[in-house]
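First the structure, in the form of structure tokens, and then the observations on it.
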């Protein structure tokens, strides 16, 4: 099973890099859908004993992250005229570089922290860190609102992976609640972007800076 | 000290004060080679004025009319406190403050009376008066404080009574400084040259004379008399400083004191004859100088006694 | 104590009653001041008895507040301030009843009387409180109430600005007091005043407490570098309020300082020095700035600074006396300072009421626009004259008595030791300063009285001037009488003052009131009283003599001697500015007077003008630049709220990283 | 009288949730607003019963210990009731004009009512949950629900504010979730059953054997994460935008309770981290840092502020900082902080509501335009000015008292630097806010001021006067009951034990 887990984890990192380097929003959404799906099935790969409950939750999460969220984002995108990230704060090459740096930093951080890892692979925690950092990087470094939501999703993926790594068993109710909240968050963000687009004719978060001081 | 000076000091001052003016004028006349007015001219003037009718400005009020008597009253009270030949009618700790503030009251009355006329000339005089006296007051009080420190007493009588020839020997320079400072204050407060010229005829340059321009008749007489008394009481301070070396009392003390006053008057006359009036802008410097001398004296005294 | 409590309750009740009576101005006119008068009359008996008999009374009630307790008490120290409060407040209130009549249509007098009563109540509570929290709350209520009273005419920009400055100054002062009391409370273990004494603070902290008390209380009292609110707030407030604030409220600062000193044990000499230097600076600069003002109420406000300086001189001399173990100096200094507190309360409120009366009838505070008012308002003029003479410290009025105490105390301090001793130099400083202040004060008040009331009217303002109504005149008459009476009471003040000073020195090794060293001064004061009396008698009989002399004489009237000029007019009179010009020029280094001159030019000059303006040195040169610099420096940080979401999120991350680095290394 | 605690707690969450649905069925805007009042009163009944129970008998538990109402949450519950009541009462007056102008239609009203009750339910969930995960869910839910409350009226500003609010709080709350995961991880060695691992009561019982490093890391995430929501500087940036753009009754909730709810979550973690680090003040130091930073930042922004609602928002940053500081100082400071929480919520919701009405009347929130309000609208203007005065710590008001006690705690523990920064910050706030308040109160307007409202509504007057009187009374006299209540609550936080 270890091989499977590790390969999924590597794919997750590759997805992060893809996100960092692609400018077309639709590509980004597709990538994040893929990443979400993989994160969703990760427990299946990581767990030795597959119970019914774990499988069910994993499938639901994979479905949400891989299908529902991207779908909602696509809907949002369809309404808007923006299809491409123009002039990000940090260029794509530099983003890639930052991704590499964050990956290295994650491994270093992991080696420093000595977390009581519950999962089977040592790779899980650094990958989770790297995804969190990438997510934040996307939020901070991109202009379009959609890309920021994508960043948020990546960060959530990272946190989820992190949770998988260190917490053996989150109570079902909590897990569902969290999921529900995430769903709501993306939903609300989608609506917000939709409205912003309608009101301002753009979804450029950079230009939302009239309120200051 | 139940001697004659104890009781005679005040009457002596009341009687002799105008005479000082006469002496000063005679001295000046002597220096100018004139005959000069009679010694008792001031008495004649006051007497003449007291018998006259009066003219008042329509602008003036009761302030103007009562100021001369307030001034006279306060200078008389001050006179009670000044020792003559080592003793005064009354003395208490801190009476020099009362003395100084009585003169302050007199000034206050004179100044507001001048302002009561609404004349710009009198206003000008009043303005100068308060300016100079502001600077003269610290000089006087500090000088007296130095004396007080020297003698260890804080009443005029105790102060002068406490001084003796040995003090002159011990801290002569300090006492001389004080005497000089008080002399400057004396000249300034009494509107003498070099601060003010009592005989000037140009209103713009006057200080004291211009403030009383509008007085006439009995009021002017009172003003003149009060001014003479002021000359006497402040002069008495200087004389007291200077004659304290001679430890005198009783009748002989009285005589020596009166003699000292006359010599002081002559001195004033000499100063007036040989000096020109200072520019008004220079007067503050003179007074601050006097104050500095007082401070210096005070420091000297404290060094000697500590 | 019960009477005092009921007085307090009447003040508070009166305040709320006035708030409810907004709709009935006629009733309000009676109730607003009425409650102040009734309360004061009720309260004056226990205060007097404590003052004269030296008794102390203490009352503690539970109070549902953390660390607070309703501890109130009266001792002679409280009483001497309470007497000022209870004497001046009702008179100011009665004056206010007349003064505010013309505002009835435009302003909400209910609120005004509400805050007035509240101010009186809180001042009373300040001097009675024996618990730090109670004290601070009363203190803050006092500030709040007086703030609202200051901004009574809030439609004017200058008034609002003044209110702002005042409230800020007093609030920042309070911040220091908070720290001070808490430092004391921390070591005492409670906030009761009774536990504060010698509560085991290190000498380090005692000094901190002292410095904070000087700053905190000095701000309220108007010690020189902290006085900036005074010349703003006093002119802005209605005159009866200025009278109350200047006469009484700022004295609560002195009270607080003294009360704090009673906690701290034997003072080191430098405390006395500090207070003396503050006194010298406040006194001299206060009167100099006063001299340069054109606004009569601003002038009076600066004189409050000056008189606070005189009080500080007295207290400083007293402190030096205590620290050198010299009972006589301690007694004379403290007694002089405290007596001046009461005296200043009387004559300063008199002067403010006089100024209010002028303002009310002539409609301007500009001294240079006034003149000749003595003919139209003889009573106001006489009252103002008495106040002026009193504030100059001239005998036989009350100002002289307290200055006399301080002079003698300073002399005693000076005469004891040589130059090596601090007390000697302190004494010299005090004498010099007092002498200079005395001279300058005469200059200032001859100007204020002379230009406002004497001569010919300088502008149209004075044409419609009229004597004020009865309710405004009575307080002025009473206060004038008090000035004269207290000038003669030096002898009686002695006993009272020894009661008060024994509170101040109660924790020390010696008590001047009982050690017998001071008894000779009782006779001295008797002499002062006698001489003051003699002065009155002599002047009175001289007046009598003069009128006898003048009877039957012809008294002609003419124009003022004009030196040959044929068409004099009232504009040619000396003005306040020109009167003060020689002195202000002499002291221009301190005053920094701004002069705006357009001199006459050409052979036939048509216009020329001159005006001068003396801003507060500290306000303009110290506080304003500092605050402006601070504000512009701080506003640079406002850029962190730039509207960019990305960077906001960055802040979150930075906060996380910093915490990790800081806390989880 | 035996009352089933569990039932009450469930009722507390369910009632608002049901009301939220009911709002969709109402037919007139005013009806919705009145229903809000009725609803909050209805919720208050079980709420008060529960608070009373807790006060008398100790914590109530429900749903297998997943829900708990202890004295700390009961205290917060009380504050919440108060804030929501004020908000509901003011909303009627606030929206009435918009209803007349047809700007606030039934569509808006339904949305408003549903979201309003939804927010109530979500915050209730935060308060009553014993499970840290559920608590998190509640906080995230409040974010999402209240985001829409900001833009009841879709204006560019409101949208921008909403977007920033949403993003910042989501990121922050995600960080908090990481903290919760770390906490859960740190309980692994303890051996609590996983389903119970996140129960606060269980964690509190097993602090001795938790991994300190993990707990510390968790606490950092928690403070920064929830601190974002609570408006602690430097994570406060969403706060002035959201507060200024939201309708005033919503701003009142935001400032009056939303921030407190987030802070409440941090407070829940504080005893854990303190116990784990051996009461060394490790966690309290962090709170002190954020508290002071918030005070300073707020002070800087209040000086030059022009928008009255933004100024009040920054004042909230300041006061949340004060509370954090008080709790951070511990001991008596915790007591003062909790007391301050009450005072601030009461005062701030009043001030926001009054500011909203004033702004409506003047058509602007710019303080340079809304001048002379004491004349043009004596009651509401008076409420605003009185509120500002109380907020900046003018004396007889209760906030002075709580600030005094916080200062006392700082000085008693010899932390003079803290006292210095604290006082400086407060002084700057005072200077800045007072300048604005004076100008607003009395400065004659440059243009014509709006005409005074036809008549002063008695309800309005009561709404303004009662909170101010409560603040006054609390500043002068603290009921024993309240003191005891707060004392017990601060014992939960590990103070005064």
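Assorted remarks:
To keep things simple, chains are lettered A, B, C and D as they appear, and every chain counts its residues starting from 1.
Quick note on the criterion: contacts are C-beta pairs under 8 Å (C-beta built on N, C-alpha and C of every residue); 3 or more make two chains touch, one makes a residue touch a chain.
Fair warning: this is a prediction, and the values are worked out from it, not measured in the lab.
When the partners of chain C are compared with those of chain D, the chains appearing in both lists are A. Distance from chain A peaks, on a Cα-centroid basis, for B.
Ranked by the number of C-beta pairs in contact, the top chain pair here is B-C. Centroid to centroid, with C-alpha atoms defining each point, chain B and chain C lie 35 Å apart. Rounded to whole angstrom units, the spacing between the C-alpha centres of chain B and chain D is 78. Centres computed as Cα averages put chain A at a distance of 31 Å from chain D.
Chain centres here are Cα averages; for chain A and chain B they lie 100 Å apart. Multi-chain contact residues of chain A, defined as those touching 2 or more other chains: 136, 139, 148, 205, 208-211, 213.
Annotation for chain C: residues touching 2 or more other chains are 638, 641, 645, 649.
Multi-chain contact residues of chain D (touching two or more other chains): 163-164, 167, 171, 213, 217, 240, 301, 304. Pairs of chains meeting the touch criterion: A-C, A-D, B-C, C-D. The part of chain C that touches chain A in the complex is made up of residues 638, 641-647, 649-650, 653.
Across the complex, chain C meets chain D through its residues 63-67, 133, 136-137, 139-141, 143-144, 151, 154-155, 157, 160, 163-164, 167-168, 171-172, 175, 178-179, 182-183, 185-186, 631, 634-635, 637-638, 640-641, 645, 648-649, 651-652, 654-656, 659-660, 663-664.
Interface residues of chain B, counted against chain C in their complex, comprise 50, 52-61, 63, 65-66, 68-70, 72-74, 76-77, 80-81, 90, 92-95, 97-98, 100-102, 104-105, 107-108, 111-112, 114-124, 126-128, 130-131, 133-138, 140-142, 145, 148-149, 152, 154, 203, 213-214, 217-219, 222, 284, 295, 298-299, 302-303, 305-306. Touching chain C in their complex are the following residues of chain A: 89, 136, 139-142, 148, 205-206, 208-213.
Taken in their complex, chain A has these residues touching chain D: 113, 115-116, 118, 132, 136, 139, 145, 148, 152, 155-156, 159, 162-163, 166-171, 173-174, 177-178, 180-181, 184-185, 188-189, 192, 195-196, 199-200, 205, 208-211, 213.
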